[in-house]
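Notes to accompany the following structure.
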Amino acid sequence: MPSRTPIEYRDASPQVRAVFEDIKRTRRVEDVNNFWKYLAHHPSTLVRTWGSVKEIMAAGALDALTKEMIYLAVSVSNGCPYCIASHGAAARKAGMSEAMFGELMAVVGMANETNRLANGYRVPIDPAFE
Amino acid sequence: MPSRTPIEYRDASPQVRAVFEDIKRTRRVEDVNNFWKYLAHHPSTLVRTWGSVKEIMAAGALDALTKEMIYLAVSVSNGCPYCIASHGAAARKAGMSEAMFGELMAVVGMANETNRLANGYRVPIDPAFE
Amino acid sequence: MPSRTPIEYRDASPQVRAVFEDIKRTRRVEDVNNFWKYLAHHPSTLVRTWGSVKEIMAAGALDALTKEMIYLAVSVSNGCPYCIASHGAAARKAGMSEAMFGELMAVVGMANETNRLANGYRVPIDPAFE
Amino acid sequence: MPSRTPIEYRDASPQVRAVFEDIKRTRRVEDVNNFWKYLAHHPSTLVRTWGSVKEIMAAGALDALTKEMIYLAVSVSNGCPYCIASHGAAARKAGMSEAMFGELMAVVGMANETNRLANGYRVPIDPAFE
Amino acid sequence: MPSRTPIEYRDASPQVRAVFEDIKRTRRVEDVNNFWKYLAHHPSTLVRTWGSVKEIMAAGALDALTKEMIYLAVSVSNGCPYCIASHGAAARKAGMSEAMFGELMAVVGMANETNRLANGYRVPIDPAFE
Amino acid sequence: MPSRTPIEYRDASPQVRAVFEDIKRTRRVEDVNNFWKYLAHHPSTLVRTWGSVKEIMAAGALDALTKEMIYLAVSVSNGCPYCIASHGAAARKAGMSEAMFGELMAVVGMANETNRLANGYRVPIDPAFE
């Protein structure tokens, strides 16, 4: 089956359904995002990706909101439209206010600017940072 | 003057010295990073960049540590060696522990992976995220 | 003429038509992709780009399917929607099965993840790889 | 412990040693690369990353050499120096000749060029590729 | 207010209106682009970004058209659809002909190709360029 | 022969020597850059790349200096250290003053910032730019 159509729960294999159920239980949602429905075309990728995301995004030394905001920041930096939309929603659901979003965007923009200034001016690493 | 040498405080113009002093005062450091010493070759860029960084990185809806970690995450994602070194130091100075760093890295890595999965599987944005 | 409209064979200059014919003959297609119809706005770019692609993508030490898959992998990594769509089609036409696509995507995703881990952990190159 | 030093087998915890042994066994090498010695600073990342790489890089619908070459192509495209060095070595070890490397490089270069041409000419996706 | 709707002049605060008026006066346009209407959700970002753009894009050692073309080149290289559209329009308005656009695109494409060739062949910097 | 050593003129094949001579004649230099000495490991890539660069970088609707500056801007944006060094030298040789370089860097930095702002704020393309 080509991967240009989403695999819905009702059409999914038992293995895929098990993953969908775990996602829904963990995230307390009614249905999984399109992202998982498309990854379901390659079950091993679906299983491994969900396993990794579940482990990585659980609160730890960083709380869940901070992790969602870092995920959003990277997605904005990389310019992935799907990811910006879905992780923007996830971050807001985790507690990101519009003021926090505005500040996150300011940091992401500035970091992308100064990264290029450091590149172009060929700045050597300070000994203190080696 | 070509920009392959850093401009030290002692050789700097009054305009550049004023910026260096504000950086040192704001960050409570003895000397500014190489980044600023190289930007000093183009004073208008130095003035504007420091002004923006100072404004953006001040604690607001997001605290200073969270901002430093987002800055580091973007720098890692972009692969800028200078920025990874200097912002890694800044984040640790602001309170990032090694456990936090490890979790930040895990999120940055995973986001870069799933951004490409979303690209390659051509996942359409869910209506709920429009 | 602005470049927001495609140049169709019927409206093309003799120089552009010659390129279109060579593309169609080489790829055994009825009509060229939009990509070539838009590049046709700058004939020297069209001529040079097709010449390069034709030379590079011919089977050699790497077979044509492997080359198409590498092209798709880079396009996915860069997040170019047009390229992902057109090179996905080209790779499937050259023999990429859905199982191969799933494995290619897994590699592209993982490589993008570990590239950032290597960046952020500032891993020095092993002497054996110098 | 900060992550600016590698963790050698002799100083590693049992959990990390188990991963190092699996890497060495799977890859038939005497010692693991620096990449794993640095990831060892965050054992959960080491465990998960090795688990994913081991699963993804095993021969399947794509053989191991093709997978190594895709990994190298993405690393070249992203400009990660560590990854280019280590995956270049891995691909050569898996059977990539210098002629294959030259052709891989030509494809990676061309794909990066045409990705931008497609971006800048704002080429719409052909209906046949939707 | 979430940032999925543009802020029009009529609904804007006095601070935001002042920025909109300065943009319209400087650029001699009837209304500002969507970009500014969305940034208006975070007034400090709007103020700072317009201030920077106004300063940076004014004719200096480089004329305004050259600056617009560099801005477009970077936007094409990064693959930002909004930016390619808006900066393409800005560059044409500043005097970029279709022939200039074609040549700019050829340079952007080639630079993206040779950047990867330099990466992958691991070319050391010539002493003369240190 | 592996590609970790440069191929010098004295050790080059007649085909490679012919390309080196054309580069030296066109650029009025005593010896070619390392970039060409490494590409020489894959003669077809050397021939095609030099042919393309020679054609693209010749003065046309854009003069040679403007083309060199665009090339440098893209290289800075992509963060390729070799390219930033070599194209910085080429641009200066073509007439780029330090004041021009400073302004180019300011534009490159700003474009990378606003590209991400446009991404993250999900700004729709204005009808006038379609």
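By written order: A, B, C, D, E and F. Residues from 1 in each chain.
Going forward, contacts are C-beta pairs under 8 Å (C-beta built on N, C-alpha and C of every residue); 3 or more make two chains touch, one makes a residue touch a chain.
Nothing here was measured: the structure is a model prediction, and the numbers come from that model.
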item: Centroid comparison with chain B (C-alpha atoms), farthest chain; value: C
item: Chain pair, B-E or B-F, that carries the greater number of C-beta contacts; value: B-F
item: Distance-maximising chain from chain A - centres being C-alpha averages; value: F
item: Distance from chain B to chain A - Cα centre to Cα centre, in angstrom; value: 21
item: Inter-centroid spacing, chain D versus chain B (mean Cα positions, whole Å); value: 27
item: Where chain E touches two or more other chains at once, by residue number; value: 3-4, 41, 44-45, 48-49, 52, 56, 77-81, 85, 88, 99, 102-103, 105-106, 108-110, 112-115, 117, 119, 121-122, 130
item: Contact graph of the chains (line, ring, star, complete, other); value: complete
item: Chain D contact footprint on chain B (complex, rising order); value: 79, 92, 98-99, 101-103, 105-106, 109
item: Parts of chain A lying in touch with chain F, wherever the complex brings them together; value: 72, 76-77, 79, 81, 84-85, 88, 105, 108-110, 112-117, 119-122
item: List of chain D residues in touch with chain C within their complex; value: 3-4, 33-35, 38-39, 41, 45, 49, 52-53, 56-57, 60-62, 66-67, 69-71, 73-75, 77-78, 80-83, 85-89, 97, 99-100, 102-104, 106-108, 110-115, 117-119, 121-126, 128-130
item: In the complex with chain D, residue positions of chain A that touch it; value: 4, 44, 48, 52, 55-56
item: Touch list for chain C against partner chain E, complex; value: 1-3, 41-42, 44-45, 48-49, 78-80
